Amino acid sequence: MTLEMFFQHCFNALTLGSLYALIAIGYTMVYGILRLINFAHGDILMLGAYFIFFGTFAYGWPWGVAAVIAIAGASVVGVAVERIAYRPLREAPRISALISAIAVSLCIESLAVVVFTGQPKPVLQPEWLLSEWTLGNVRILKLTAFVPLITAVLVAVLLYVLYRTKPGLAMRAISKDIETTRLLGVKVDNIIAFTFCIGSALAAASGIMWALRYPQVHPYMGIMPGLKAFIAAVFGGIGSVQGAVIGGLALGFVEIMTVAFLPELSGYRDAFAFILLVLVLVFKPTGLLGERMEEKI
Amino acid sequence: MRFNTSTLLSILVMLLGGLLLWHADAFLGDYQIYIIKLIFINAILALSLNLIYGFTGMFSLGHAGFMAIGAYVAALCVLTPEQKEMMWILEPIMPPFDQLFTPFWIAVLAGGLVSAVVALFIALPVLRLGDDYLGIATLGFAEIIRVLLTNMTPITNGALGIKGIPEHATPVTCYIWMLITLIVLARLLFGNFGNVLRCIRDNEIAADVMGINVFHYKVLSFCLGAFFAGVGGALLGSHLSTIDPKMFNFLLTFNVLMFVVAGGLGSLTGSLLGAGIITVLLEWLRILEEPMTIGSLEIPGVPGMRMVVFSLALLGIILFRREGIMGTRELTWGKLAARFRRHPEGGRA
Amino acid sequence: MSESAKDQKDILLSASEVTMRFGGVTAVSGLSLAVPRGAVTGIIGPNGAGKTTAFNVLSGFYTPQEGTITFDGHSIRGRKPHDICRLGMARTFQNIRLSHQMSVLENIMVGCHVRRRQSWWAAPLGLPMYYKEERAIADKAHALAARLGLDDVCNEQAGGLPYGAQRRLEIARALATEPQLLLLDEPAAGMNPQESLDLMHLIERIRKEFNLTILLIEHDMKVVMGVCEYIWVMEYGALIAEGTPEEIRSNPAVIRAYLGEDMVHA
């Protein structure tokens, strides 16, 4: 393998990892607060991708406008899912909420089949993203450079919100102790809705970039990235945003590099993430940056 | 063993059912027989998941993986060497498997056993995890099994799958396997073994301090559930006569989960009811996806509508009737009789 | 060690210099105690003194970093709770741990499981031996329920019982494991004076009837002083005193620990 190829792979891994990271943040934030795997999160990504597809292709809006509308639309769906399917079950056993999440996920997918049809649709990538920069012998597609850049900006904004604003403080407080936070007068339900809003917006952003990078949309496109991003979140330590980013990037590198160096394993690519998951859960269940949560005896 | 009225009644009903099915061809159409077989197979799957999740409290989402193993093993056992040689066109089939040829009941048993052995290897690392982590890890293993089935072409024929599996799964065969599953699980779960598993489900720490080796029983329950999932998968493969890796995706696990949740977690009779009702409902929902003509109005079929209704139904159950049809209760002859006595006019019972 | 133990009284459970740390926090430090066979003994101390942690260490939930624990001649440090139960130690919990959806009888039957001989696979085969043992277990559970005054609620769901009955059920389930030593974690918590009094009689009665050794943790001084022959006092994870109830009553360190706590509350 030449050095140029290696750099090429690095950029691909960075791009894929950034996409995983953005989705993983939503999982980790929701899990940190509600101890719930939001199965519908991957489908929010799919909706974001479809919205941008219709915005730009069917209605001919400019990319920027379409992206903002797609993100807003997906966030609304994310908040609605929380309101309808998770909030009534907050006092129920955790597994009930998980089954509810699975049901919602399937519902969104099959609704997408009904509304958008099950046929994959090609996404037209804008010309300016397909041009390349050349650095010596390394050629970088502008798209693969933009994705990590945008991700970095979004993560920076999120960290600012989490650590420098009041709602961010409330979110962190809820993840430590929801009841005490409620007693302190925080409107817990609103903060949870806000969390879903942020998570869904990031997933939608990831969905938009996903649609650009792997240029097609279909109703089940969110399942695999969703599952893998959840694994990334577990790997990084669930509940930790920084961990989710690290986990996402790590997973991106594992997938791209293994296939790059051992092409004969490419058929097993989808299994890597799950093998990684099992290894993490067996050897370090709290992930890289996660906190220990033990049942009190 | 004690013989009381309930046991005698149960045996009588079981025999009567068998007798009716023996002559099913005489008074049922192909489609009805197809549905009845599907109900029996789904009941096996529901019972096995109920053992793992409803009684032992292990949230496993790997059922489709175990079914796949059962189906593939059984298919490899019942196909003749000549059929296999013709079907494996991508790569020739690997040596020990090309000559394998067994009767159907051994094939089903082998499917269950291999599935249980695989479950044992999965259980050792993942059963230490709780709740939703366990769900994701088992889901992950089911996906890994699927990826393996797609890539191990010399054994599984890869993405092409296996076609033309002889349809040995007659209504009576499916019925007998369902009865075996039901009787084995009922005998286990209605005795003290069942109490132990339910104690593990409700309070693992208390079980541990009562001298129960929690991990041991979890592994046991998981493997036993996987065994019957493998049996169900083997029957399903023979019933459909075609299997491929795509078919054993998460949706299949979801279907089984739906039977169990709808019937009632921790209720065997609930699982039977859930499997029966939802199987019929799912078939009935097919009309949503077919074009309809009402008078002169033509409504085109909407593909995907079936799953929308289905997932909304599960959402409805979880939101409004979390305990399902039966909750953790069981339907017994005594309760049935009491029900009839309370409604002497026999209006609804 | 065993020589000297034999010389003195017959010691059933002994811990020496047990230290349990969680991260940087030392929950129990240098705890040593020796529970003589057949006695009712107690551990007292203010909130957060490490009493429950000590119980969790003794019953095998935590493995202490330092020290040794010997039960009935076996070293049990690092053994699992179910293993220790098999050796003859049972316990109850401060926050009652029952299977709420199961009946009273079924809860007790779970306790019987550890002493059964037939394996699980005897059930589907329907062996006569299996059914015989099942009936024996049911009979034993019935008898235990009767001994603890639970016979008229046998078939009710455990979760629906009043608080005091749930406590007794937990004790009945622990007795079903046929223990030599019973650890009771705050058995009188949340009880009114009359119920506490009944509990004292109950503890005394089951000790005699089942030939038990009992070690309990308690807040209620009246209960502790009333039933315990020997008492250990813990504060901040360490022992500050031990002795008979009379000795404890007049021990200045104990008075300070408790008065100090009272002052904070006042």
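In this document, chain identifiers A, B and C correspond to the written order of the chains, with residue numbering beginning at 1 in each.
Operating definition for what follows: a contact is a pair of C-beta atoms (placed from the backbone, for glycine too) under 8 Å apart; a residue touches a chain by one contact, two chains touch by 3 or more.
Keep in mind that this is a model prediction, so the values were computed, not measured.
With chains reduced to the mean position of their C-alpha atoms, the one farthest from chain B is C. Distance from per-chain Cα centroids to the pooled protein Cα centroid is smallest for B.
The largest tally of C-beta contacts between two chains is found for A-B.
For the pair chain A and chain C, the distance between mean C-alpha positions equals 48 Å.
Centre-to-centre spacing of chain B and chain C amounts to 43 Å, using the average Cα coordinate of each chain. Centre-to-centre spacing of chain A and chain B amounts to 33 Å, using the average Cα coordinate of each chain. Across the assembly, chain A contributes 297 as residues in contact with two or more other chains.
Across the assembly, chain C contributes 61, 93 as residues in contact with two or more other chains.
Multi-chain contact residues of chain B (touching two or more other chains) are listed as 205. Against chain A, in their complex, chain B makes its touches with residues 59, 125-126, 128-129, 131-133, 135-137, 139-141, 143-144, 147-148, 150-151, 205, 250-251, 254, 257, 261, 302-308, 310-312, 314-315, 318-319, 322.
Listed in rising order, the residues of chain B touching chain C in the complex are 1-2, 183-184, 187-188, 191-193, 195-196, 198-199, 201-203, 205-214, 220, 266, 328.
Within the complex formed with chain B, the chain A residues making contact are 35-37, 85, 88-89, 92, 94-96, 98-100, 102-104, 106-107, 109-111, 113-114, 117-118, 223, 227, 230-231, 234, 267-268, 270-271, 273-275, 277-278, 281-282, 285, 295, 297. Listed in rising order, the residues of chain C touching chain B in the complex are 59, 61, 80-82, 85-86, 90-91, 93, 97-102, 106-107, 109-114, 116, 120, 123-124, 126, 128, 130-131, 134, 137, 173-174, 176-177.
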